[in-house]
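Look for subunit A in each of the two complexes below; its partner is subunit B in the first and subunit C in the second.
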Partner chain A sequence: MSLIDYLDPLVAAVLLAGIYAAMSIGMTVIYGVMKIVNLAHAGFMMMGAYFAFELFERFHVHPVIGALLALPTFFLFGMAVYWLLVRWLPRSDQPTLSSLLLMFGFWLVLQNVALLIWGNEDQSILTPMTFSVIRFGPVSIATVRLVVFVLAVVSVVVLQIVLRRSWFGRAVRALIQNPYAAQITGVDDRRTAMLSFGVGIAFAGFAGSLLAMLYSFSPDFGRQFLLRSFVIIVLGGLESFSGVAIGALILALVETFSILFVQASYQPAISYGLLVVVLLVLPKGVAGLLEKKWRVA
Partner chain B sequence: MTAARLGKLAVPFVILLLLLLFPATGPSSDLVKILFTTFVWIITSIAWNIVGGFTGQVSFGFAVFYGLGAYAAALLINSGRSPYFAFLGAAGVAVLASFLVGLPTFRLRGPYFAIATIGVTEAVRVVMSNVPFTGGASGYRITEYGPFRQLEHYYQALVAVALAVAISAWISGSRFGLALRAIKQDQDAAAQLGVNPYTFKLWAHAIAAALTGVAGALHARYNIYIDPTGGAGGVFAFTTGISILLMPVIGGIGTVWGPVLGGAVFGIVEEEIVVKFPQIHLLLYGALLILIVLLEPDGLVGLFHRIVRLFRRRRDDSGGPRADKVLWGRSRLEGREL
Partner chain C sequence: MENRFMRNRRWKAGLLFLAGVAGLFASPTQSAAQGGDTITIGVVLPISGREGKPGQYQKEGVELAIKQINDKGGLTIKGKKYHLKEAFYDDGSDSAKSASLAERVMSTDNATAVIGGYSTALGEAESVMPDRYKTPWLTPGAAATSIFSHGYQYVFGTLSPVLLLGSTTAEFLGYLVDQGKLKKGLKIAMAVENTDHGIDYVNGVQDWISKHPGYFTVVFNEKFELGGTDFSGLLQKVKAARADIFLSDAHLQDYITMQRQYLQSGMHHQVISYGARGPEEAARKALGDGINYIFAGIWWSDKLPYPQAQKFINDYKQFTGRAPDSWYAATAYDSMRILAQAIQQAGSTDKTKIRDALRKAELKDSILPGTVLKYGPNGQAGYPFVIVQNQPGGKVEIVYPKNAATGAPIAPTP
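Coming up: the complex of A and B.
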């Protein structure tokens, strides 16, 4: 194999990393602010996929527009779920068993609702874009993957700017750093929690509708991506937003290049194996490692 | 010992006696099957509670031990061993697996441990769906010579349940159990007092795995055919792991009788309702989970205690803690760190 043969998987890995980052960042926001491991993330991703699917099938809305529409829709959906269920959970600065079980129960409900509405068959969204390919010199890229990558990266960057510049973002980061100090300085933690739950779910739905352009989906959709999100946010150190980007890139690279060495049917085991290894070797994630190395400021 | 206490102690033995004599009434084979399945679920529920309830380590990975127990028993029976040897073998394999899983993952705490167990389950399921010598994803068949005697299965499962309850009750009252509860409340404080959290967690995990492995073996031998993933019946399926976790939560975690009650309710509901409404069983479990978490975190046992207290208060309304305080007292799940 020459160097050029490695270029194709490398490009594929980077494109994959974009969508991986978008799907994991919502989980990081929710975990950071509320210390809830959102097991229902997969359910919201699956709902996002069906959201884009329904818009496309019924109203012929292009899936790219559908994905953009998913953002506000799932933001409201997430806030409603927070208001109905999540806010009754006991508050804690550590993940609690009740929060884990509650989100898990909600995931089961979402799965079953989708099963009742859309049945068990695999669905997919096919547009003219699905089969077209762009060539850059020796590398060829599926158009749809490029579009998804661009959307995902833009959304993550916009979220990053919001978190850096707005008062909401400052409140979020303050709550992540030190919830007690944040409350003393006047951060309304309930309101911020509700908003950040909405943001987290908005990104889950958005990522789901982007993934629907790439893969076929069923009500069971999302479990593999839930586990991948875990790997990514654990790699990233659970609460770090830049860590998510790094984690997404590492996972995408490992997954893409492992095909060269491992039989394809065993490939899912790689990312789960990676999860356990990372948890053991780097419990604070890559971000924690970097923090330790360069603790200058 | 007061009479009331003696009566309380006698209840389990009376139930056991009734279940022992029950086949003499000539029940239908459907009913025996429901009871058998319920026994198997109760065993896994008790096992999960040892790790998840007493020790406070939430694991999504019990399908691993259930499945490995089932496969180990299947392979042993097919090589001509006696079923009892197969059950022991299943327990042994599950214990080995529990160390393989536990040695690395118990270095982790709380949510990290819970997430790691999801990873382990999925990895094992993927591997078992591809291993050629057990038929991979298409499943594995057990061939046993001799007639199928349903009551033999029934009694084997009943003995296993009794054993599991005895182990659980022993742990609950022993120093070992106290150490586990100490770890659940505050791992660091427990370590300060000379309880090594790592080794105690490993032993609790091993005991739980052995019980779960036997449950898997009972299931495999009764059903003759096992497969890793297929729908709700797959021994390594994600839903199997969920069911095992759900039962103690329904019944009330951290108690001896909660998981038994939860397993019994779950087993009967699973056999009765899922058969009638297979399309909404996830919805039922999900809604149940949400309701329990938000309304009665102590499960059925908590509900029972609440009702008992309500009646007690009616009888003597003088003094004692205020009713609303007792009713809404700090519950076991609430605010507890994982």
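Coming up: the complex of A and C.
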């Protein structure tokens, strides 16, 4: 393979990292604030895909607009789910079995609701953009992947700004760092948790809508992305937002480049092998490593 | 108070969990027999999960045959009439579930025979049960030779071997060279699923190439996992191989995903094929004109000129309200018909006698290519494949063999 042959995968990996970051950041927000491993994340992504699909099929809304509309819609949906179900969970600063079961059960409910509404048939969104390719010299980039990447990166950056500059963001970060101290200083943990859950689900729905532009989907959609999200947030350090971006980039680079050297059939083993290695060597993820280096320096 | 509150929370979480889990377990469905004595035919196929669509078509094929047999009065065994009763289980495209449901239908339901195993992976899982329960098992959707190489005595396969699919595909490419549509010495890149199906396909292609030196060279050959969501890395390797022909062997879902990413990668090959997948309606719906010019080697086509095939198409349309999508329903339909014929020939519901009758059975009005369905010594059928091509305007033409062709192949891809 020539150097040019490595340029294509590099671009592909960067584009992939964008969508990986968008789909994982919602999970990090929820875990950070509430210590809930949102197993229903895949279900919300699947619902996001069908949301964009329905808007496209029924009202001819472009999937890009559909994805943007998914953000407020799923934010409200998330808050409703929180109010109806999640707020009843016992408070804990560690993930609990009841939260795992609740979210797993809710994922199954979402899957079965989707089966009832849309059936088992695979659906996809086909626009003139779907097969259009932009060429930069020897490198070709699928237009739809570029669009999805831009949307994903912009959304993650906006969320970062919100988390850094707003009262809500400061409350979220305070709850992640020290929930007890945050409450003493007047942070309303219930309200912040509800908003965080809404934000997390908004990003899951948004990511699902973006993924629907790239892949066909069925009620089972999202399972593999959920596993990837786990890898990414563990790589990123579980509660670190910038860590998610780094984790997404690492996973995308490892997945894309590893199969240039080994059989593609080993790709899942490489991704999950990476998860095992990180859990053993860097239990606090890349963010933990950087924090350590910073302190030493 | 605190304990009651906690119990309340746990109860709610538990209830929700159970609601979800309940959705997972599909209850077995039984088609109504029309009174009198019945023969239970077990059917274990996926109608949910990733293989749900082809599995649904196969289920419909079996049910159409059962309905037609029952409408004609059922089967006569020693002067006594028996109606067929279907005991159906959805395996959800899960291998472990497929095997356990096959076991259940053979043991608990005591089915006289079982039809099941759409896709090689699910078929392989089920195939260990028939000899254990001495129950004839016919698969209308698993074709890997590995299933039929264990010496099983109760296993029958209605699909011709995938090895033959591979060699027929290569033979067709050779035919295109002989026709002057392709040049000699072209390079082939192969990316196949990591199953016995994929391995057989590669072996079939390479077998033909080794026997016909000078026609083609394989410059890339790699496997991928079933149910992948991102094939971009693999396709980058295909691109780097700079081949002229791209051959894949994939199941429906992977075919759709891979072809979408293939088109997005901006690649172009003179010929492209996904093994036995190509003309499916789901692919047309998902990719539109993006599936044009793809070749597929399939076990049945609605373009076959046999009167019985045309009758099947009409009956299937009446039964389901839509035309058959690719080959799936046809092989299931003939599996049920040859089984019914064998039960009648056995003159008994004894499973071993039915097995013996299946070994000798010949379905002479088969709707499959060649019009005769019979099983070889290893239990697998061996009729020829037809090569079809998706052409502009939503057309699907048989392009090979020449004597069955309904249209000319368009190659190289424009």
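Basically, the second predicted complex is superposed on the first by the 294 of 297 C-alpha atoms of A that agree within 3 Å, B and C clash if a C-alpha of one lies under 4 Å from a C-alpha of the other, contacts with A are read in each partner's own complex, and residues count from 1 in each chain.
Keep this in mind: contacts are C-beta pairs under 8 Å (C-beta built on N, C-alpha and C of every residue); 3 or more make two chains touch, one makes a residue touch a chain.
Predicted model, so just to flag it, every value in this text is computed and none were measured.
Asks: Sticking to the clash and touch definitions up top, decide whether subunit B and subunit C on subunit A clash or fit.
Replies: Subunit B/subunit C on subunit A - steric clash.
Asks: Just checking: does A:S242 make contact with subunit B only, subunit C only, both, or neither of them? Give me first, second, both or neither.
Replies: In the superposition, A:S242 touches no partner, neither subunit B nor subunit C.
Asks: Mind working out whether A:Q177 is in touch with subunit B, subunit C, both or neither, as first, second, both or neither?
Replies: Neither partner.
Asks: Regarding the shared-chain residue A:P90, is it in contact with subunit B (first), subunit C (second), both, or neither?
Replies: Both: A:P90 reaches subunit B and subunit C.
Asks: If you stack the two complexes on chain A, which partner ends up touching A:L275: first (subunit B), second (subunit C), both, or neither?
Replies: first
Asks: Output check: A:S265 vs subunit B and subunit C. Expected answer is one of first, second, both, neither. What do you get?
Replies: Both partners, subunit B and subunit C.
Asks: Figure out whether A:S166 sits in contact with subunit B (first) or subunit C (second), or with both, or with neither.
Replies: neither
Asks: I'd like to know which partner A:T185 touches here: subunit B for first, subunit C for second, both or neither.
Replies: In the superposed model, A:T185 contacts neither subunit B nor subunit C.
Asks: Identify the partner contact of A:G105: answer first if only subunit B is touched, second if only subunit C is, both if each is, neither if none is.
Replies: A:G105: touches subunit B and subunit C.
Asks: Does the superposition put A:D5 against subunit B (first), subunit C (second), both, or neither?
Replies: Touch status of A:D5: second partner only.
Asks: Overlap the subunit B and subunit C contact sets on subunit A and report the shared residues.
Replies: Shared contact residues on subunit A: 85, 88-90, 98, 101-102, 104-109, 111-112, 115, 263, 265, 268.
Asks: Touching residues of subunit C toward subunit A in the complex: what are they?
Replies: So the residues of subunit C touching subunit A come out as 6, 8-10, 12-14, 16-21, 23-24, 47-50, 52-53, 56, 191, 194, 222-225, 227-234, 236-237, 239-240, 253, 256-257, 260-261, 263-266, 282, 285-288, 290.
Asks: In the complex formed with subunit B, which residues of subunit A make contact?
Replies: 37, 85, 88-92, 94-98, 100-102, 104-113, 115-116, 223, 227, 230-231, 234, 263, 265-266, 268-269, 272-273, 275-276, 279-280, 283
Asks: Taking the complex as given, what residues does subunit B use to touch subunit A?
Replies: 56, 58, 104-105, 107-108, 110-112, 114-116, 118-120, 122-123, 126-127, 129-130, 238, 242, 249, 279-283, 285-290, 292-294, 297, 333-338
Asks: Using the touch definition from the top, list the residues of subunit A that touch subunit C in their complex.
Replies: On the subunit A side, the touching residues are 1, 5, 8-9, 12, 16, 85, 88-90, 98, 101-102, 104-109, 111-112, 115, 120-124, 126, 130-131, 133, 135, 140, 142, 144-145, 214-216, 218, 220, 224-225, 255-260, 263-265, 267-268.
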